[in-house]
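See below for the structure under consideration.
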Amino acid sequence: MGDRAEILRKEIKASVLGGSGYSGLELLKILSGHPRVHIDKVFANKSAGKFLHEVHPWFKNRLDVRFESFAAESVCASDVVFIALPSGEAMNVVPQLLSLGKKVIDFGGDFRLKDISLYETFYKRTHSAPEVVAQAVYGMPEWNLSAIKSASLIANPGCYPTSAILPLAPLLKDGLISNKGIAVNSLSGVSGAGRSASSELSFVEVNESVKAYKVGAHQHIPEIKTTLEAIAGSSVSITFVPHLIPITRGIYSSIYAEIRNNITAEDVIRSYQKYYSSAPFVRVSESAIPEIKNVLYSNYIDIGFRLYPDNNHIIIFSVIDNLVKGAAGQAVQNMNILFDYDETEGLL
Amino acid sequence: MGDRAEILRKEIKASVLGGSGYSGLELLKILSGHPRVHIDKVFANKSAGKFLHEVHPWFKNRLDVRFESFAAESVCASDVVFIALPSGEAMNVVPQLLSLGKKVIDFGGDFRLKDISLYETFYKRTHSAPEVVAQAVYGMPEWNLSAIKSASLIANPGCYPTSAILPLAPLLKDGLISNKGIAVNSLSGVSGAGRSASSELSFVEVNESVKAYKVGAHQHIPEIKTTLEAIAGSSVSITFVPHLIPITRGIYSSIYAEIRNNITAEDVIRSYQKYYSSAPFVRVSESAIPEIKNVLYSNYIDIGFRLYPDNNHIIIFSVIDNLVKGAAGQAVQNMNILFDYDETEGLL
Amino acid sequence: MGDRAEILRKEIKASVLGGSGYSGLELLKILSGHPRVHIDKVFANKSAGKFLHEVHPWFKNRLDVRFESFAAESVCASDVVFIALPSGEAMNVVPQLLSLGKKVIDFGGDFRLKDISLYETFYKRTHSAPEVVAQAVYGMPEWNLSAIKSASLIANPGCYPTSAILPLAPLLKDGLISNKGIAVNSLSGVSGAGRSASSELSFVEVNESVKAYKVGAHQHIPEIKTTLEAIAGSSVSITFVPHLIPITRGIYSSIYAEIRNNITAEDVIRSYQKYYSSAPFVRVSESAIPEIKNVLYSNYIDIGFRLYPDNNHIIIFSVIDNLVKGAAGQAVQNMNILFDYDETEGLL
Amino acid sequence: MGDRAEILRKEIKASVLGGSGYSGLELLKILSGHPRVHIDKVFANKSAGKFLHEVHPWFKNRLDVRFESFAAESVCASDVVFIALPSGEAMNVVPQLLSLGKKVIDFGGDFRLKDISLYETFYKRTHSAPEVVAQAVYGMPEWNLSAIKSASLIANPGCYPTSAILPLAPLLKDGLISNKGIAVNSLSGVSGAGRSASSELSFVEVNESVKAYKVGAHQHIPEIKTTLEAIAGSSVSITFVPHLIPITRGIYSSIYAEIRNNITAEDVIRSYQKYYSSAPFVRVSESAIPEIKNVLYSNYIDIGFRLYPDNNHIIIFSVIDNLVKGAAGQAVQNMNILFDYDETEGLL
């Protein structure tokens, strides 16, 4: 009986804005299996009035909710609100949600960059809630655990930044690699581009092909750079190029960097252990080369590497599921931390 | 010199309406390699003014043409006009083209059905040029060779009908199978659905999945039925279901029919030989089961079959490339016949 | 404390023979998340001595077991033994396991057919344990629930039979469709063909293609036919053709049958409800056409249909994940029934 | 009549060793459509006695040849012999073929490296014909045209080296980029790994995943490095990492390099024009980013780039079809040069 009471006490209510996109759906899948969470409201303006399973038959007999049009007052019973909308939309609703005392976890880029002008340059729009940016906490649990615990507004990291920052941060912080001339070559599954109708994302255009995109202009570039600089305590010069490849989910990053001081594989492993030994979702290997299939539908990031003493370089590989560790899974990990649950609860 | 003169005499000019869709592009690829054809004009209203290679970089350094907006007078120098537009558009331009004395080959469904009411039911629109329908010739060279030679307007067959009619027609005509209870189960690559932006055709929606679509309502149903009835000289009862599968090109049809009179595999082969022995693009095998990869980028149809004497059934398999034998290749085959070239010229 | 004690009392130990194939791996994934099961031993002769995560990095930090070579005495502590070996191997170990008093769930075909000669014809080998066949229970919970509860040996259904029998059985039993001339056209993901090295299953051979295989000779034909005959109480004449398509997981079956007595969609729905209203993993829709993506990684079967009163036919569609409802998921469903757990426990 | 005589005079006979692998097949497809070539003999020891179309139904009704077991005397009527065997096999037959006076074009790596010890290190075997290596000409027409014209033995370049050397060579030779710290990140379709049965190359293992392989150990590393050094006239330090991605054909290389002297995009374009203005298969764009689909089934290499003056870097992208420009197409281009045909004859 004590157990049951404790469970009731711990149960929280969560609402989701943007429940019909790929990361919103992934979030609903994870939350519907989470032992501590009751799904309160699901908002999707275009699908308002429809049952979730009408839009996504996967949910039939699993989760019986109806999409609603968003209204801030509708979330009054919710403890936490997830915003799984495209960047540029969260900034219009977050101030109100915060004023209602809600914990907010935002999937988009609106609150990730402290420098508003950087945001406005890369996201190509004016920020409508700059006054809120300062209180946002960057939701990368491996580096920001204590700030996340007490945050009101969590800026959930981008998918590419997650795949690039986690493998680079320890080595930069410990001075094992040069902070200049780093190249991050990332490959992404198509779900990362979202769910809008676009002939560029059609099966025929994507299948049996590869292309780099937004070269030099991707909005995740300043997020990677400023986060690494904050961790390393020095400037970081980085070239990041995303490529679209014909897979549904997953990000593969191959990272090239110059090494310092004749470091060894043991030095690299030791650095990762120093920062990630208690991080439940980081798996580092000194032998295996990561493969996307090993992390699909899971919240893990797998990291591997090879040293090239001959030309003084290291190649680091990382893989994540862009919809889980790169979006919904990391958001739930942040929620777990926020509500003092086990960090891994409800996550695979 | 005689040779050269003959070549010049034989050279024809071809224009293409709808050069930016998948079958229009395939047509331009084939025509650009055809030894007898000069590409005159390429029309694509949305891309008018752009070079072909700007829209399709494949053509860079290969074919140097510019898209134009369509105007009937622009084709005055052309001997033949291909219409690679969605069904419903050709009927608005064909009467004018015919009055200008042009040979016309239409990829869509506007002139395939002699029964206007059937057209209007299945294509869900009013026919704007019913007076022209009677003179159209159904462009299936294996069954209509002499009519094609003298046609002004050729209705190029649909992709599914090509894959269903060619394997069934001989057996129905020779009475080897029952004209009732035939089931045609077809699988199609995504290029068959055209090139418009649609979230249903996005990589993420199509990849790693399968779905039947337009069940009982596909516009190719009356084309298959009436063509087979005309060949067999009797009514034909048929169930046709198309499915979308995650490949770019190709159609795989598996056809179930009841056999008559204890027929043998030799009877089946003999029937195919009777009608197709001089058809250059039909390959029938009594042993091999067709595979899509064997016909990709080619104008062949491969046919195979298995008899089940136990339950009196035959299963027939056929494969084509939907963009070649199912569209552009068959159109060029028709053009070759029309201009008295070798039927296989310029085709693989 | 009472709760904890009850949980301990209910906990069972399970061993797995054939842990390195695709269905064995899927089983280990499901069992590792099952709240009532402790994984005891995992056998895989070729990988004996290796850790599971060395062969399948997915399991790193998730499940820490080592493959062993099989020896019957090693399973003495197990309550249930799953056999995820290719057909033809289980019959060599099952008699011994049964004599040790173990519950056995076999994924292969060795105990599915009561008629030994039928087995020997289709599986092309001599049965080495014919005396055990009689006590095997066909593990299809929707039709065999009470027999499964008390079984010692469960023959887990084949993937294709699951996809064909569940949609057909109610309609045949209720006489809504003819028992003759049924055609089952099935499409399967490549994982259904197992995990051995084969150039026919290589990416290059399978990608962008389709082929029918084992036409008229597939070992699942007698399983489908005899199971349906037992349920319907009459002979059933059926043509079944499997096709390999370029997806990893999933089976799509399109089933063509003649209808009786001017039946309506309501009659069909009523028949499904009659038999499946309490079956937790069967979802029937009278409007939606099933798609594979809606059941991936889950134990559901989705069923849809369309009636064609014009030519007296029905088309029924079903989709499953071949590794879950078609193998490991259904096996765990059977295990849940056997040990009196909720039928859905540990299943998605 | 004179024309016909000239054609006959120009006609050459070609034989192929290793006709059953992916590059051998591609070669046979190209040669069968080449207006100057008669296919003499096709050797494939494992398939000896079979017709080509039995092994590859694509060739049915197209090319009617039978595989033979190789014997040097069988090629006495051939003008040129292509060797499409795995590396390590050509060196056992080339000396004999040369002594018979045959022109030889080898697809493998046996004659690409002048330094035998480098070959033996990276290919992990002893070279059996080191005396022949010196007379081999590296068959990269864009850089070696005159040597190819008079060669007896042509070492056809590897697929990755083709994709890396062509975009880098002009910029290195002209000193526009640093010769240190170059990173080549290449993605390859699965056909590049050959046609042997391997569970690692099965559809299920490759689909929906990505993995780097042979990191730091790939046999193409010394070929890229030594060729670039010979062209640039200085040492070159390069990191090359190949990745396997789920496409059938194509290579996508993303190349990161440090730029010198505040160079501009015009400088880069000018350098490419300087060396490639008369190279028929090199297409360079200063705006478009290359995509694999634009070069599939063709002999083109597409090159694009972006300059990053901020951090002094350039990213260069190149795409080829690994089986055409990366193997069989480039081999036919070399053959055309050798026999004084137009360089593009028979190539798309």
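Just so it is clear, A, B, C and D label the chains in written order, and each chain counts residues from 1 on its own.
As a working rule, a residue touches a chain if its C-beta (ideal position, glycine included) is under 8 Å from a C-beta of that chain, and two chains touch if they have at least 3 such contacts.
Bear in mind the structure is a predicted one, so any value in this text is a computation, not a measurement.
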Recurring contact interface, reference A-C, options B-D, A-B or B-C [over half identical by residue number]: B-D
Measuring between mean CA coordinates, which chain is farthest from chain A? B
Between chain A and chain D, tell me the centre distance in angstrom, where each centre is the average of that chain's C-alpha atoms. 41
How many angstrom between the C-alpha centroids of chain D and chain B? 36
Chain C and chain D have mean C-alpha positions lying a whole-number Å distance apart equal to 47
Note: chain B residues in touch with at least two other chains are 205, 207-208, 246-248, 291, 293
Under the definition above, what is the set of chain C residues touching chain A in their complex? 3, 33, 56-58, 60-61, 208, 280, 283, 285, 288, 291, 293-295, 297-298, 300, 302, 348
Chain A residues touching chain D - in the complex, by the definition given at the top: 180-181, 183, 185, 187, 205, 207-213, 215-216, 237-239, 241, 243, 245-250, 252, 254, 256, 258, 289-293, 296, 306, 308, 311, 313, 315, 317, 319
Can you list the residues on chain D that touch chain C in the complex? 22, 190-191, 195-199, 201-208, 246-248
